[in-house]
Every structure is written in C-alpha cells, then in structure tokens.
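For reference, chains read A, B, C and D in written order, and residue numbers begin at 1 within each chain.
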Amino acid sequence: MDDVVILPAEKVALRDPILVEGLPGVGNVGKLASDYLRDQLRAKPLATVFSRFFPPQVYVNEDGIIRLVSNELSYYRNPKSARDIVILGGDYQGISPEGQYEITHRVLEFVHKLGVRDLYTLAGFAQGHVVEKPRVLGAATSPARVAAMKKLGVVFSRNDPGGGLIGASGLFLGLGRMFQMEGVCLMGETSGYFVDPRGAQAVLKVLSQAIEVDVDFSALESKAKEIDRIAQRIHDSEKGANEPTPGPSPAREDIGYIG
Amino acid sequence: MDDVVILPAEKVALRDPILVEGLPGVGNVGKLASDYLRDQLRAKPLATVFSRFFPPQVYVNEDGIIRLVSNELSYYRNPKSARDIVILGGDYQGISPEGQYEITHRVLEFVHKLGVRDLYTLAGFAQGHVVEKPRVLGAATSPARVAAMKKLGVVFSRNDPGGGLIGASGLFLGLGRMFQMEGVCLMGETSGYFVDPRGAQAVLKVLSQAIEVDVDFSALESKAKEIDRIAQRIHDSEKGANEPTPGPSPAREDIGYIG
Amino acid sequence: MDDVVILPAEKVALRDPILVEGLPGVGNVGKLASDYLRDQLRAKPLATVFSRFFPPQVYVNEDGIIRLVSNELSYYRNPKSARDIVILGGDYQGISPEGQYEITHRVLEFVHKLGVRDLYTLAGFAQGHVVEKPRVLGAATSPARVAAMKKLGVVFSRNDPGGGLIGASGLFLGLGRMFQMEGVCLMGETSGYFVDPRGAQAVLKVLSQAIEVDVDFSALESKAKEIDRIAQRIHDSEKGANEPTPGPSPAREDIGYIG
Amino acid sequence: MDDVVILPAEKVALRDPILVEGLPGVGNVGKLASDYLRDQLRAKPLATVFSRFFPPQVYVNEDGIIRLVSNELSYYRNPKSARDIVILGGDYQGISPEGQYEITHRVLEFVHKLGVRDLYTLAGFAQGHVVEKPRVLGAATSPARVAAMKKLGVVFSRNDPGGGLIGASGLFLGLGRMFQMEGVCLMGETSGYFVDPRGAQAVLKVLSQAIEVDVDFSALESKAKEIDRIAQRIHDSEKGANEPTPGPSPAREDIGYIG
C-alpha cells in the first residue's frame, strides 16, 4: 500500500483554484471552519485521501455503515470570482511527523496538478483563557500577503506565535513553497479548552472576504451559543455543587464533541 | 525484507470464497472465534503471513520447536454451500498504525486474487461489566448488509461503537472497499477484563448461519464454564481473603490465557 | 542510505560454514560468549554491519579514535572439522521491531550467499535469582536438532521459555527458515541482574562440542570470579552499611560493564 | 516526498573544501559556534536541507513570514588558505535514529560531490557543573588527526566521552568514513544547563586555527557576559528570596534562549 492513497471522485477543470485547508487541531477551529465553508458552499466531492499515517480506524454512522478515516477534498465553482475553491478537511492530521510531511506533500502534489497556486490554512491559536472577541492572527509566505491580510484586519504579532506553527497549517505553507505556492495561515484566537465555533467564525469572516464568497453565519452562531450554554452550566454546577440544578445536567463530553 | 511476506502453503482454486477474520483483541473474542471455526471445520493451511510489523519473537512449543510469530490463512471447501471459506487468524495484529494498514492491505490483495469479495470480521465489544447474555453488535459496508445481519439478530446501535472501530476488524472492512469488497463486522459483547469464550460463541452463532456451516459449540461451552469457575474462585478468594480456600488456589494468569 | 549496509572486509570461500550469533541481551550472555569465542579462535574480520536501525552513536577508544556502532561478522577456518565457522557479534541489536527484522534478514541473506545452512544463536535466560550452576536451555527448528542438543546436556523444558524468545536469537532461527536454514538457540541461565560470564561459559561448553572447537575457559573463569568478588562486596556493604569496609569500595557500575 | 530534500541555492566550485558541522545539542555549543562562524565569515547560502525527519513545523519571523524548519549549508572562499569552507547549521537534528542516519548520510553525499574530504564537527560536552575555563575535548578518525589536534591544545581523555558520542557530531564522523572522509569532533566543555557561548568560543578558537580563518570573538564574549549576568541574577534571587531585588527580575527562560 502506498503511504498515501488519493482516490479522485471526479475529474474536474478548475479556474485558477485556491486551496483552503482546515483539519482537526487547537479548539478544532480549522476543521470547524473548513467543514462549515464546505457545507455553506455545497462544495462537491473531489477526492478522498487515505493513509497508513492515519489511525487504523473506521467510523460507524447511525445506520451502522462504516467508513475509513480520511481527509476529504471538495471543490466549489465560484460564480462571484474568477477563481474556484478547493477545500481540504478530514478526521485527522497525520499521526507522526513523517506522516504529516508525507500527507501534506502528496496533497500539495495533487492540487498542484489542478492548478492551485494559493493556499489559505485555518487553525486555532490557544490563549489559555476565554477569549470574548477572538482576533485572527496571521502568518504568510511573503510581505505582499502580509499586507493584504492586514487590510482585512488580520493581526501580525511580533511575539505570536512564538515557537512557530506545528502541524498541517504551517506545513502546507512551508512545503507549498517547493511547489511555488504562496499562502496565508489564519489563526483564530481560542481558549484551547474546547471546540470553539467563535474562533472558526472569526477566521471565516476574514477568509470569505479574501476568497470572495458569501457565508451565512447563523448556524455557526447557534452552535457557539449552544457551547456557551453548556460551558455556563458546567461553570454553575461546579460553583454551586450543593444547590439543585435547574435543568438536566449537561454531559461534559458534549462540549468536546468534534464535528 | 518486504514489509509483509505471504508464503502460500498450497495453490488452490476456491468457489467465490468468503474471508472470515479473527485476530487477538478485546476479550480475544475474534481470535477465539476464528480459531474455533478453523478447528471445527478442519480448515487446511493456505498461507502464512510474516511481517516486520509483528514483534521480533518466536514461540517455542512443548517439544522445543520454534516458530516465528505470524498470521495464518486456512481454507474450507463448504459442501453445504456454493461458496468456500478462507479464515484469517494469528498471534498478533500489526504493532504500529502503519503495520496495521500494511498487513491488512497485503492480506486483502492476496485474498482478492483468490476471488474473495465478501468479508466477515470478528471482534469483541468491551462493556466494562460482566455480560450474562452477550449480544452481537454489527457494523457493515452497505445498507443491504445491515438488513441481512439484522435478520440474524445482530444489533445495530445508534451509539455503539461510538468512536468507531480501531484495529484489524474495522480496517479490513475500510480497506476492503478499495478492492470492491463488501463486509460485516460482528462484535460480541464482553466485559473486556478477560478472554471470553461466551462472546466468541455469540459471534459464531451468527456467523455460522451467515456463511452456512454447522458448528458444534460444546467445546467452546466447556471453555466458557472453565473461565466462569476460575472467575468465581478469584471472586471468592478476594471476598473472603481470611477464610481458608476450599481447593487449590487458581493461578490468576490462567484466566488471561490467550489461545 | 540503505536500511542496512554490510561492508565485506575480505572475500572468502568457506567450507559449509556454521553461523554463531551472540548479541547484547539478557545478562549479556550471548555477546560475552560470541566475543570470547571470536577471541579464542582468533577469528578474522569478514564484514561489518551498519544500520540506521542502530543508535546514532560512535564509540571513542582510549586513543581518541571513533568508530560507528555496528555488528561484526568474523570467520574461522576450523582445522578440526569439515565445516568453517562464522561469528556474529556487535554493539547492539536493532532498536525497533522493524529494525530487528531488517537487520536479521539482511545478515541471513549475506551468510546464505556464503553457504551457511546452520545456525547457533546464543542468549541468556533470566531466572530472577542467582543461579549457582547454570543449565543451558534450548529451542530448535527441528526434532533432530532437539535430539542432538539433548545429547550434549541441553535442557528442553516444557515451560521455559514460556512466552517464547524475543529478539535476535529467536529471530535468526525464525527468519532462517525462509532461507532453508536449521538452527538451535542455546540459552544460559542467569540471574538477569548483571553481566554473567558463567552463563556464557555454560553456553560455550555446549557450543564448542557442537561445532567441534577447543576453547580454553580460564580467562572467562577469571572474569566470572571477578564479577563474584564485586557482587560479594556489594552484598557485604549493603548488609553492614555501618561497619567499616575492609578495602576500596567497588563502583557499582563495574558489575554492569558490558564487554 | 523524499526522506531528505536538498535544494541548492547556487552551483559553486570550491577548492578542496572542509565541512564544519554545528547543530543544536548540549549547551547549544555546536550551533552557536557554527552560526557565529557563518556570520563572521559572511558565508554565502549554498543549499537548504528539508526532511520528513524534522518536526512538522514552520517558524514565523517578526514580519509574519514563515519558513520551514531546515538545516542550512553555506560556503566561504578562504583567501588565507588553499581550502574553502562549507558550514552546516540549522534548527534541528533528525528527531529519530533513522532520521539522524538518513539526514547525515544525504548531507555527506551532497558535500562529497563538492569535493569535501575533511570534517570538523562541533559539540558541547556536559560536565554537570559550571566550567570556568572550558577545555576542548576531542575525538577523531585517525591517529594523525589526534596528533594534529593535540598540538592545538585539544584534550584527548582516556575516559571522556565514556559512552561515546550520540547524535550528528559523532555520526558525521562515523558515516563519513564510508565516503573516505577523515575528521575531528571538537567538544567544548559546558555545564549542560543552559546555552553556553563560552563553550562555543573555546571550540571556535581551536577550529579557526585548524581551518585558517580569523574570527573576532567580541560579539561572542558580549553574549557570554550577558548569560553570566542573567545566571548571576537568578543565583542571587534564589539565594536571597526574601530580600528586595535591586533590578527587574530576569525571565528565567531568557537564559535558555536558543539562537
């Protein structure tokens, strides 16, 4: 078996496409954002990525049907722009350093053949405390990209991220340069303690302007409020452990639900 | 050395064969079941699977003869059906994620050449408590398979297994789809604390109907009762640690014996 | 770089050669024995084995000269027999399961080309307590080998080694069968707590008869007595920690010296 | 993706070049020394080394621009000598044993084609206590090299380093012999507790004589004094935890700053 197997769903010709990457990570911000974008744009399946660098695992859906863990590429023909969009999401990042490099390199190779020259990678930036109004921090491959992102309100901080970026969002930019690709990493601030739709929303607001798509954020806002409610209940129940709880006790793992 | 080496014992032509997989895992249910089936059917050696993804280990039998750890394929020409049976058992699953993928892929490749299009994978499902009458939970590659298994009493639960299946039993189904194979995973409920012949029996009862073979369960029932007796003695001795024990004290590791 | 690099020192034609393997392991019995045999026979360098599955390490000798960690093959033309001898010793076994398989396979491939059809692998067997008169336990690839070894006093126990053999000594026999080689593993009983020349001597006494060489054991016996003295002093100093010690206090690590 | 990717910056012809290696390690002595040498000589970029055996990480500079972690080769045409100089520095050593071997081998292959026959590898030697006047310990590939280094004041100790050298500095010498290269490892004594410009200076003083370059040590001395000051403050604040501190409290991590 090849280290990475990419099975195309459809052969497509895209117009100067942009790759948007969002995989599981800090606060699941990247994955929340890329999944939401895919759903909003009703992006169509382009290819499935399997790899021996993912866990040896299948998921079972509510009907009892299994599917092997994977990353998924989908595409969107953008009527508002001269450039189409390719979205990468999925269940896992590679589970070893070698796996991270290999999967990223193979996906870049694949989208390079589709004509991708530009990358947006989406991630969370853990602040270690609750962030009321998350900013979007940035990193990029060129001064021109930095300038363009600053115009959209992205913060380029002298100190953050101090140790650099670890994982797919950085690696896509780093290895992308071997394919002459330019790109930007957008990092939504988040506590880092649970999945954070608000961080995802902040990131998507910048991204939607950059890649010229309309996104309706109402469903994401509902999800954010739901997480708020659960967090509030947990907070209350921990504060007043002796008082009667007004409603059904929230299952703590709900807040950590990934998807 | 190749990552995986498959040494055929015999060249055979099989009639539309079905693969039954059962390797060590939770409660050793899968391995118990596949070994029992092989012995009951007196299945013949088909091929041996060696791999650098197994531990670097040989077993020594009672006569002092060594053999390298392996997985074993055996076959059975089924007089009661138009379809023959191939059984996969063995000492270990691959000991790394990459190993799991590679070994599974290579075995699938091998049995694909034999004409296998259907898979049954056998496993245990850990409930964390003693299960008096183990149910058989299922997962499958298609709605048709789900429906067929439901008719045989298999339970498809909305919540179990929540996090999906990890290891060979899931991977054979997941990677099998790359070979256009369809399949079912049968999971016998078990405590997860020791080897569980009862879980294996539950799984085999479903399987034997599905693949149309007769299985005499008396030896497996004896084994289950023996495990019960040992468990009971341990329970008694822990309860009344100060009272004299009525017979020889059971060796605790007997209950964990794998085979 | 290849996973394993074997650099021949000399091109030799050997008469139906036997491979003797002894690498670091339990009580360092195997390595002590193979190094002692090489020195006694004044075996000549045959080839050096380097591998990326060894630690990334060089040793520095007393003159400040480095050498990369390796395994070493040497050969001895046996005037007392129609069969020559090849000895494998070295600094390490492969440090991962894959490494163990790959290095063993490559060495077998190499010695197979030299005509090796027979293997003796040397190891320690940890008893967990001091062993006054170490027995030699055995495991083999065929009943004929078992019978031959029994005649030399080797013990084939129904229970030992229970879990089989892990590491190079077992793997050489297990993988050797892929090269149609037959072989025997000789395990000298040892406490398992420190390097054990007595275990090595027990193993070599059997081996020297089997492969028809004369070995003078006096140096090994001196070494064993030296280890005894150090062990005794440690024992005394632990017993009477308050009493004045009669001589210089032994450095505890001396006893663990490997070589 | 290849395990190691070396991207040349420029095609150059060098006169009988010498490789100087200094990568992160004990006290960061090797990296400090090789970076300082590169800066002092204004060595020019020769090639960048990427590898899946490095962490999947990018660094972000103060302007928000990313770069993938790497090793860097640079070169210097030495007007004072008939031999040019190639310097290897970088962010990381390979993060697995296999990675160490593979990266070292590939770099050696690359510089071998440039004509490199001689190696100097720079490292720290941890003494576990503060070293006022660090000596430079040595290890080499031949007695002639040992003799040459002794003339420059390098100490070849019978006992140090006892367990040999682990990591790139040893491996370059060990694997270099497969390319018929000769070499020397220079180890600056250091406490091992924090980055140590003084150890780097000691090493560079020997090296600059050996490879015939002039080095101005003033910047390195400033850096050493700065580290001294920070260490002194930490020492004071720990000693007199109750007394008022005279100035701003030093951030402890400053002392561990790598670069």
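A few points about this structure:
The rule is simple: contacts are C-beta pairs under 8 Å (C-beta built on N, C-alpha and C of every residue); 3 or more make two chains touch, one makes a residue touch a chain.
The structure presented is a predicted model; accordingly, all values stated were derived computationally and were not measured.
Common neighbours of chain B and chain C under the contact definition above are absent. At the interface between chain A and chain D, under half of the residue numbers involved are used by both copies, so each side presents largely different positions. Chain A and chain C, compared by their mean Cα positions, are separated by 54 Å. Chain C and chain D have CA centres that are 38 Å apart.
Separation between the centroids of chain A and chain B, computed from CA atoms only, is 38 Å. Annotation for chain D: no residues touch 2 or more other chains. In terms of which chains touch, the assembly is arranged as a closed ring, every chain touching its two neighbours and no others. Each chain pair that touches appears in this list: A-B, A-D, B-C, C-D.
For chain D in complex with chain C, the residues that touch the partner chain are 94, 97-98, 100-102, 104-106, 138-143, 146, 156, 158, 161, 164-168, 170-171, 173-175, 177-178, 185. Looking at the complex, you find that chain C touches chain D at residues 1, 5, 7, 50-60, 62-69, 95.
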